[in-house]
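What follows is one structure encoded as structure tokens, with my remarks underneath.
Residue numbering begins at 1 within each chain, and the chains themselves are lettered A, B, C and D in the order written.
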């Protein structure tokens, strides 16, 4: 599934640690799965902010010797999903700007619904934009004299933003974290062994630097990390916040070792696998995951069912930057560069194959074909989430709804025919929601259900903006 | 375990395919696990040989546009294990030389026991050497006028070599494959969909280019791929060959999707896991593999026992080229860059942890410590092979015997204490050998048993040579 | 002298040529002497603007294969002088932004005196800045709604700018060139063999692409290149423009093959050399130039005097990216990496040495020392311009006035002592001005005379801004 | 002329200096004009030799940080001329090998006439070759047991070599320099300020490291630099050596600041220019050199004649690695990337243009065309050496004799027509030889006169060898 969905973004911030920049480097590395296109670190010595960013993986962007020179004790970092085009360099985050109050850096995970509207209005007022990112709107809002006049500029500005946002700001003397009133994207607070406060999209970032998870940044909350320690207030009263956590973070995005929305991802996925076994039991010889994402769900399925777990694929550990030469069949080879079927493990077998989710369906179809070619007798595909049918306006870059296999085929039976499997079952919406801790209405299930917790006034906004962006920069 | 053993080498050859160079590229990529230090392709248009080699991963060494320019229909390729030092470039294979008969390229997997002796003798006769590789001795032997006079120079030369060798030669008009009389390292023949003969260390190289496995190159056999097709003869009569296949290829080296020594690696490893469960059953809550190598054995163990399978670690997909900054604790971080414990999956649990093998023990110890720190209640380590106590003279670069944990600690109980686990069991030698197809005396188990199928006249040879090499090139 | 003065910037624009991007590449290459830190090309297909920029020399920034893909017929390009610091990437020009009217790219040669004032005022109004360049102020001015309302926004904006500016704008459908009312920096119009209009800082850019010089863009003029051809109007009436051409362009900056301010640089420099010989004749054996800049003046001097011309130095053709190792004496080696004395040509000779100008004096001193060490009997230094004593506010990055040798030493005799030469003469201000075509008051001689044609309201402005920049980005 | 002749090689060696590797780096940099394709340094700590080589310019091959790690006090270095092809990496010098006596590195400037013969004979005896360079033959000769038996192996081997060779050997404990009995290529001894002996192809290498020239290595001499200081003996008695110094080193190759064959290059070239003025006086307005090579000769010409010196071209300081896009006229642009005509300096003028030599003539023709296009009234080309008509077998890579303009056109009048100039004169052979210190028969003038001081038994040898090389490696 990875080739079909672009991941989005990962954040990290730290205040008051002599190795702040190094720890940011490792924390971004641990969150690399949240964004592979670019990486950046802004850090401060308390007075001035340094920016070090680049296109590529964390290990490609940062040079050890240069990184060692930046000994600043305050830092924020960002990894970003993949786009194309030579101009993409301008969009690398954290974004660093100067305004009337001095310097400000910003890192954003999520998507603003009203960015286009705000941007148009600012352009009309004479503003110039150098990126195509919705994040640049936020710095314009922060810099507006009317807003600066407010005793709490940030709270004032955040109340104007519509959509999903986990945000980190770096001012020369502090790090500020904020999360939208719906808590769509995860954001957690932690503490290093030395007592420096940290903030990250996922708790796996804490593990690599030996920090302990403390609590989540709450929906509607602003948390400031500065010399006075951690202080907090709300830009939207907790009583007015209605959680809408992205269930797809649990289904696919987050690392299994992370805890998000107050529970561990691996545990949730295993439960989804067990629930899937209850909803769609199968008489078969072996349960195999589509690597690597569905391994957690696959184990849950096997444990709940009577079918023993097995392994059908090997995966390449070196898939990073391979290229495919034109004379070869492109799609098949792309799949083969990433995995290989263990023929002897599937030949003549009746397989239960577990996928975490199916987006376009082309990659899944390729993998099913490979299993068939290796001699699988029966293939029973079980998907540990419901069919994806709707766009995400809150930060996940699904393909156009028309390209989703669930919309293209319509019925599950039609999808089954397209994927050329013997049977196909998706986990039900209710079943999926039964596997997480909070009440069903505390999650955003829009991509599955079409129910959008944050009203989308102009449903075409996103596409108009994207088209605008394409016109501008490709 | 990977950081403790350097992999060795992988080979590929193809004759008469318009995309021979491309297919060699993909076949090397699929065998990347056999060597990450350097990669090279020599190819011929029927008259002249072109050499394209470099330090690094296959995807780093070869440039797509440059590779497309080399449209030669005959090729051999090589991936090589990691060493250090600036001079290593001279050792990249295939090696290409000119001698009285014209050009010859050679690629080698294995290790020659009598290389030092032969090299000394050649140097005394006036030969000059430009590499520190034992392979260079072979080309000197091939070029010797006395040997050229022989009607079958290659057979004559191969009979003089002692040790393990799977070899590929590229002459301008043909590819020649040969395997030592013990068949220590794997070497298989295949056929592309278009009918071109191919040869590879592992069959996973065939899968990626849509070639079919035909048969193994036999111990003592010379196979020639040329315009007349495939022809074969023996430099040592089959009746005089005594197979001594490296059992460690099944335990650790080879890809689970490959078939070597006539059976699939995944199937063998699963059987080893099952046998381990029979020999060392455990009362526990969950079976988890030490990623990623022990996944096959772990499934076998769980299937045979009553303990359900689970997952205790996540692994980084981006571990390739990370660096570690000096201010961090080096070893712990090195482990953390590669994997992370899923705390919620191990906390309070009684774990059966499956390792494929234990070499120095330091990495295993680190992983066990990480499980303990995450709250594991009990850790029962089960190793799907016997203790490693002896050096390999046939091509696997184990550390010095003194550095092997089994020798340092002596008894299994002492190893258990060192690894700080609640119980420890290794698979027995007999148990391991019961999981493979051929009779026990058809395998080399020297690293476990100390029984060397090929007599090692000067047991210090290897180290002397290595010390010699160090003196020369570091 | 080159190591002591940072060059400034070079511009090029072209409209309606199928090879517009390639020609921009060559035209920037030909103007590389005007800026070595970064290079950039913005080009348009008539609707959208593509930006391709990078740090380094023109030949380093642009990749041939990628450049070939950009087939846009409208383009502007920029080379920029050297600064330091990792953040410098944001300052690369052309700058590309989006505002209410769409896209706009800008390239600037010169320096705005009131940039700090305008920037402060814009920041107070809520603007955010992403670069530390004065150029960003211009795009804010262009985007301001009050200015957009004007029927001629650009003219309106340009009338607000104080200082030196040769500007190129790229809008999706046109190139616009403008020059300040003083014409401080050069800017010329030309025509390719195929009839496409071009504009460049120096005419040497026309030579390399086989374009013909047409005329200079006039002080106060706005020239538009679009589908209707070339059109022109004035934002300041010609009658109100008082030319103040930078005489230092003739003395040092411009390429000898270029014509600027209506006359050829080589011819002017030769005349300065002849005038220098009239003002400061010398009884000596040979006239040698300090390479390479003073070759034109040196020939003029020799021709006018009775002293024969000669050669005292060789220069490295490979000096580009050399590094100097710490154990060596830094400054001496830096000089030696660039030139070498021909000992046999100077030994025992009475030398007239011609410099174009002397800034800090350290490099000149080093060269004189090398001549002395090689056995020169007498060294008579003749400088083909007056002493530099004052800062430039119009785009040349001289060191701090306190670091200028003429200020440090005071009298010419004191400078002579510092440089350790037998005699020293500078060209007089009147003598220098007698070598150019227009009346003396048509040139800016501020760095020599302290007379500033454009009033500098806050003489400290520049340094305040620079300090501000340092605070922000270093 | 540079694009038409490939330079050859430059050497440097040093014994017993703590900064030996650094000084080798600078000394190679100073001799970069002798070879731009590859560079290499072999250094020793007294016991083991380290090799650090690469393709490209000195500044590209060596990384400062890595170079600093090699603190060996004994070193030799080599820069090599340009060839093409991916296999060229194997030919980079110094070559480092192991033989029965241990390690040996070798660096060679020149060309062996009997290399093919020796190579064939060695291959017949079973030797293998890994390079296509004639230098590899020398190491085979050195390693031969029969030769090692000799009490002075090196002298014995050198007596077998036919052709031109300035050689440096590095053994772990010493540097050995040797020069063929004809002294074809230059080789000089010097002494650093700290008293370490050095050896270099050209004395400009001494200047950059503050070493003093001591004397030339004599034809037929072997000089050893070791802990006992400098010792010398002859492999051919001085009385039997007949000097045949390459006059083309003075005409074109060597740096003007260097002294070779006991006199300064600039002084010799100036004398050639004066002699040319005597032989071919011209009534004209200005004398201009074809940049940059002919500047010395041009000054000599002007001084001797009544025509004043001038400047007609500017040259790019950034010409290094430019590329030319296919849509542009290749040859014209290649010339324009390197130089530009100062139109105002040549328009309407009668020019005397000085070239140092003319090889193929195409580049010269292009430059003459550019002068004509700029409006030159008359062009009188004066070449400061005779017509080149014969191949060099001693190390200069002239094009095939059929491609030399002097052979293609035949008469000087025909060449004049081809070059499209108003008059053309070459310096006479006698005139050229009158400008150097030693008797005419002490110089090799083969490329001009066809008289070869070292008999070339198989005049086709070189081409056979080259064809052989092409077959092997392209």
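Definition applied: a contact is a pair of C-beta atoms (placed from the backbone, for glycine too) under 8 Å apart; a residue touches a chain by one contact, two chains touch by 3 or more.
Computed from a prediction, not measured in an experiment: that's the story for all the values here.
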- Query: Centre-to-centre on C-alpha atoms, which chain is most distant from chain B?
  - Reply: C
- Task: For chain B and chain D, let me know how many angstrom lie between their CA-based centres, rounded off.
- Result: 48
- Task: Please compute the C-alpha centroid of chain C, do the same for chain D, then give the distance between them in whole Å.
- Result: 37
- Among the residues of chain B, which ones contact at least 2 other chains? none
- Could you list each pair of chains that touch, in label order? A-B, A-C, B-D, C-D
- Note on the structure: The residues of chain C that touch chain A in their complex are 47-52, 66, 86-87, 95-100, 103, 123-130, 132, 139-140, 143-148, 471-472, 474
- Message: Taking the touch rule as given, give the residues of chain C at its contact with chain D in the complex, in rising order.
- Response: 19, 22, 25-26, 29-30, 32-33, 36, 57-60, 64, 67-68, 204, 207-208, 255-257, 259, 263-264, 266-267, 292, 295-296, 299, 302-303, 308-311, 313-314, 316-323, 325-328, 333, 336-337, 340-345
